[in-house]
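Presented below are the structures under discussion, each in the form of structure tokens.
Look for chain A in each of the two complexes below; its partner is chain B in the first and chain C in the second.
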Partner chain A sequence: MPTVATPSTERTARLKNRCRFKHVAGGEYVHAGVKAGVERARLITESHKKNIGNPNCIIRARGLANILDNITIHIQDDELIVGANTEHPDYFPMYPELSYFATVDMVESHYCDHQEEMREISEYWRPYTIQTKAEKYFTPEELGIMYSATIVQPPMFVTAFSSIVPTYEAVLEDGLIKRIEDVEQKIADANASLRESPWNAQDKLGLLDKIDQWEAMVIAMKAVVGWAQRHARLAKIMAENFLADPKRKEELLEISDICRNVPAYPARGLKDAMQSKWFTYLLCHSVERYSSGYGQKEDKMLWPYYKKSVLDQTDQVMTYADAVELFECERLKVSEHGSTKGRQLREFFAGSNDLFILTLGGTNADGTDGSNECTNAILEAAANIVTTEPSIGFRWNENGNVETKKKVFECIKKGFGFPSIKNDEMNTQQLVKYFNVPLDVARDWALVLCMSPGITGRRGTQKTRSEGGSDVYPAKVMEIALTNGFDEFFSNVQLGPETGDGANFKSFDEVWNAVKAQIRSAIELSLRSKDVGRIMELTHLCCPFISAIDDGCVEKGMDANALAEVANPWHNIIGGSVVVIDSMTAIKKLVFEDKKYTMAELMDALRNNWEGKEEMRLDFWNAPKFGNDDPYADELATKYYDLIADEWKRNTTYSGTYPLPLAQSVAGYIVNGPKTAATANGRHAGEALDDGGSSPYMGCDKNGPTAVLKSVSKIDASKHKGVLLNQRLSTVLMNSDAGFDLWHAYMKTWHSLGIDHVQFNVISQEDMKAAQIEPEKYTDTLVRIAGYSAKFIDLARYSQDTIIARTEQDMAG
Partner chain B sequence: MPTCKECKFVTPSPTGDPSTGVCLVERMQLADSQQTNTAIRGKMVKKSDEACPKFEAGESWKDIKNLL
Partner chain C sequence: MAKCEKCTFFFPIPEEDMDFEPDKGDCVRQQEDTKGKFWLSRPVFRSTEACEHLSVQTS
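Showing the complex of A and B:
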């Protein structure tokens, strides 16, 4: 049966009905009418021309101020949360200062109605972009490898992808006026210090850059306060001059009051907190620059304000139902938000807008249950309104309360694909063990992107960084390990070191060592591109507002890009790990143990896409496969995942330590399928890859859900930032009277086995096939891709088929 | 002669590099043993290359859901 949304109020029903969704398919926005807004690009360019020659932080602050002072603002009917990143609700902004290619791609597309002006703007910025600044540190061959998007994702300086966890709490708790006063005091103190006797250059000269940084922070914060005041004035003007409906008039006057108060001053109650959080989100993720994510521990952050408004009824009084409505409004605001990723990332997030993921549950700083009534209201809103975004990550703690877990179950049962679930205890301990985070701080972690924990709070969070980009693509890496590092299939480029032709390999060790050498090369190239990009960001792309709301940046007078107070590096290994594991297993067994085939025969078959070798292909297809609790395949999985962790551990990044690998896929398993030749697991050339991390290859897990969990549990997840597991559960069982009990028992097994992650699709084969035939009846049917959810009908047929192909697990079996 | 740039089967390069694209015209139906139906054989192309015999004029974004 199609999923049906049940908005809790007429307002949210109307808002959903007219929501201007911005999700993409195949790299293109799905809804007609979505356009590239030009105002941000125009205003930052105008300011740059006037301010060239100033320190970069000042140029950037004045650029932000020019945007906020002049960009068209708007408030739509029924909205309770106001503010946007563009001049029109149908638009997304452009960032000509980031990547030249990404800007040109957009300018030359049908989304851009101002092509002549934007061509001029993109050419103006070309020498200043971080792409141009970074490219000089790589050879043309290295750029060719990265830009082919084959063994690694193109670097952040060309995709313009980064992620951030804003220090929301500093804004909500302090307000910007207090922070402006604090920073101005620092400038005054520094100026006084410069004039102290005797003169000591070594102590004092460092203050010059700090003064610039602090001045930039003040410019940025004052502009933000002014921007919020513009919204306050607009709301008041609309209320007093243009509206007859007394109820809406009253709402607009309240919105005016809220925008006058926040983010200038501390939030008084839940309405203030939500508005202040939204303004801060817009600024950090899409006005000052583009950064992906919706990283926040929302139930913890909003709890003091929820308590005041809903439970204690002391400020901005509201009921539980009002709070649910506000969270429904938030979900629609996020769904309408125009995100501007480069093409590679748009292709990688098929069916999605961006990686909007908030985090709930887990524990409080003191170790008590972190779920509260606010958690339940957020989950209830998600269950009512049925939007793919924002996705929700739930921290599953053994001691978490069952009432909240039931609400998690309700969302999963409806087929949303979220909350995705992370092992709370394991991930908290990892932050303590690997990154020396104090336990109480670690306990407040939230997902930065799909499944990567990072700290939250007032300082030390991940600021604009590219941890979630420059991924390594293992299936392609293995392919070239057997073809002397050369890509014969897709790009005709030498992608890696010359490790020999697989046809000549005489032992399994030779296969293994070739794969290891290619992985090493791919890791090192992508890590270097990340760190070069980071240096370019801190030199040429300062973020004064993001810095201004971080206590550490304010204290030290440093830009957010430069300061790495809490190292938290990770690196994605995207879709294809299980193809590698299953392929290696088949080679080991059929070539080197059973000696049924030679490597020369295998290479011939792979190069010819198994043509005329169907019997041989079926032998490889039927060889032991990961996900069946088969020790033969699982042993190789363990060895592979240990290799991955060890190879990353050899390197030290800008943050001062080694990154942890994170095995997942987003839609990379779809996009990279057509770039990958036939593989030794019996897969054809161009067939989709495995859907990430430890998810068994489509149709290869045949021994039930517990066997999958047992296989996955053999991977030492503590060495990894995350290891994704997709599972598809029976709709009949999940919707039965015993549904929660069965699922809860499954989750207890999952937890007791020390597994890192799991997320579910609960949708029947029949419904998906019916949706392919009559999509108009399934407009609210969601599915989990990997790391995010999407409307099934918005996926391309090739992508839809990969969801249908996942094994439906019967928990009662 | 038309070029790959004018072909509806060629999508823009993943980086947005205006000089290259990805051709998605080659497809095959999969064997019954497989769980999905279709494989797509991608190919990186220079947009200025002369088009192949499978050329069809058009823009990939208009039919992207049937391409990928």
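Showing the complex of A and C:
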């Protein structure tokens, strides 16, 4: 049966019905009318021309101020939360200051109606982009490897992809006016200090840059207050001049009052907090620069305001049902939010408009249960409104209350694919052990994007994705390990060191060492591109607003890109890990132990896509596979995941520590499949890879869900920032009377085995096939890709088929 | 040429607001498409040349 949304009020039903979704499918926006907005690009360019010669932080602050003072703002009918990133509700913004390639990709598309002007703008920015600034530190060959998106993701200075966890709490608790006063006091103190006797250059000269940074913060914060006031005026003008309905007039006057109060002053109750949080989100993720994500521990952050408004009824009084409606409005607001990305990333997020993941559950700073009534209201809103965004990460703690876990189950049962679930105790301990985070701070972690935990709060959160988040594509890495580092299948480029032709390998160690050498090379290239990008960001892409709301940046007078107060580097190994494990297992067994085939025969078969070798292919396909609690395959898996962790650990990043790996996929398993030749697990060239960091290859987990968990539990997850596991569960069982008890028992097993992560698809084969035939009846049917969810009907047929091919697990089995 | 100051869609910015400038105002207009109604606001000045949407109060 198709999934049916049940919005809790007529308002959210109307908003859902007319939601201006900005999902992409096959790299294109699904809904007609979605366009590239030009105002942000125009205004930042105008300001840049006037301010060249100033310190970068001042240029950037004035650029932001010019955008906020002049961009067209809008409020839509029925909205309770207002504000957007562009001049029109159907548009997404452009960022010519980031990447020349990404801008040109968009300017030359049919989404851009101002091509002549935008061509001029992108050419103007070309010498100033972080792309141009960073490229000179790489050889043409290195750039060619990265731009081919074969073994590593293209660098951040080309994709312009970033992610951030804004320090929302500082805005909600202080308000910007107080922070402006604090920063102005710092400028005054610094100026006084410069004039102290005797003169000491060593002590004083560092203040010059700090004064610039602080002045930039003040410019940015004042502009933000002014921008909120513009929304306050618009709401009031609408109420007084355009609308007749007294109820809506009253709402708009209240919205006006809220926008006058926040983010200028502390939030008084839940309405203020939601609006202040939304403005802050827009600024940090979309106006000052582009950053993906929705990183926040929402229930913890909003709890004081929820308590005031709903429980204590002392300010902005509302009921539980009102709060649920507000959270439904938030989900729709996120669903309308447009992001611009180059084609490679649009394809990577098939069926989604961007990655938005908030975090719930876990513990409070004092170790008590972090789930509260606000958690339940957020989950209930998600269950009602049925949108792919924002996805939810739930921190599963043994001591978490069962009522909230039932709400988590309700969302999963409906087939949303979220909440995805992370092991709370394990991830908290990792922050303490590897990154020296105090326990009480570590307990407030949230996912910084899909899978990686990072701290939340008033300081030290992740400000840029150059902190981590590079991608290495392991299946392709293994392919070139067998072809002397040369990509014979897709790009015809030497992608890695010359490690020999697999046909000549005489021992399994030779295979292993070639893979290791190629992984090492790919890791080092991607890390170097991240850290070079970081230097470009802090030199040429200061973020004065993001800095202004971080207590550490204010205290130290530093730009947020520069200050790595809490190191948290992690890097992704994207889709294909299990293809590598299964392939190595098959080679070890069939070539070097059973000696049924030679490496020369295998290489010949792989180079010819198993043509004429079906019997041989089936031998490799039927070799031991990860995910069946088979010690033979699992031992190699354990060794592989340890290798990955050790290889990253050899390096030190900008933040001064070694990164941890994170095995996951997004839609990389779909996008990278066609670029990858036939593999020794019996897979044909071009077919999809494994769908997650440790998900068994499609159809290869034959021994039931507990066997999958046992295989995955053999990976030492404490060495990884995350190891994604996708599981498909039976719709019949999940919807049965025993559904929750069975799932709860499964989750207890998962937790007791010390596994890092799990997420579920609960959708029947029949429904997916019916949706392929009559998509119009399945507009609210969601599925989990890996790391995010998407509307099933927005996926390409190839992607849909990869979900259908996943093994459906019977928990009662 | 008519100026924005004559337009019913022109609303002066209060002096206490951060983006206040003498003669600066908000041009606020209603729009509607298949997805519903929305209201746009952008800054103009009294002396800005009126656009094709100029609406002059007749009373």
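We adopt the following convention: the second predicted complex is superposed on the first by the 810 of 813 C-alpha atoms of A that agree within 3 Å, B and C clash if a C-alpha of one lies under 4 Å from a C-alpha of the other, contacts with A are read in each partner's own complex, and residues count from 1 in each chain.
Here, a residue touches a chain if its C-beta (ideal position, glycine included) is under 8 Å from a C-beta of that chain, and two chains touch if they have at least 3 such contacts.
Because the structure is a prediction, the values reported are computed rather than measured.
Asks: Return first, second, both or neither, reflecting whether A:Lys702 touches chain B, chain C, both chains, or no partner chain.
Replies: Neither partner.
Asks: Which partner, chain B or chain C, is in contact with more residues of chain A?
Replies: Residues of chain A touched, chain B against chain C: more for B.
Asks: Return first, second, both or neither, reflecting whether A:Arg230 touches chain B, chain C, both chains, or no partner chain.
Replies: The answer is second: A:Arg230 touches chain C but not chain B.
Asks: Applying the document's definition of touch, where does A:Lys748 land relative to chain B and chain C: first, second, both, or neither?
Replies: neither
Asks: Using the superposition on chain A described above, determine whether A:Ser109 touches chain B (first), chain C (second), both, or neither.
Replies: A:Ser109: touches chain B, not chain C.
Asks: Would you check which partner chain A:Gly27 touches, where first means chain B only, second means chain C only, and both and neither mean what they say?
Replies: In the superposed model, A:Gly27 contacts chain B only, not chain C.
Asks: One more residue to check, A:His74. First (chain B), second (chain C), both or neither?
Replies: second
Asks: Touch check for A:Lys50: first (chain B), second (chain C), both, or neither?
Replies: neither
Asks: Once bound in the complex, which stretches of chain A touch chain C?
Replies: 14, 18, 20, 33, 69-78, 87-90, 222-223, 225-227, 229-230, 233-234, 237-238, 241-242
Asks: What part of chain A is in contact with chain B in the complex they form?
Replies: Of all residues in chain A, those touching chain B are 25-28, 99, 101-102, 104-106, 108-110, 147-149, 154, 158-159, 342-344, 347, 350, 490-492, 609, 614, 617-618, 621, 670-671, 673-675, 682-688, 698-699, 795-799, 801-802, 804-806.
Asks: Can you check the complex and tell me which residues of chain B touch chain A?
Replies: Checking each residue of chain B against chain A gives 11-18, 20, 22, 24, 26-28, 30-31, 33-44, 59, 61, 64-68.
Asks: Inside the complex, what are the residues of chain C that reach chain A?
Replies: 11, 13-14, 17-19, 26, 28, 30, 33, 35-43
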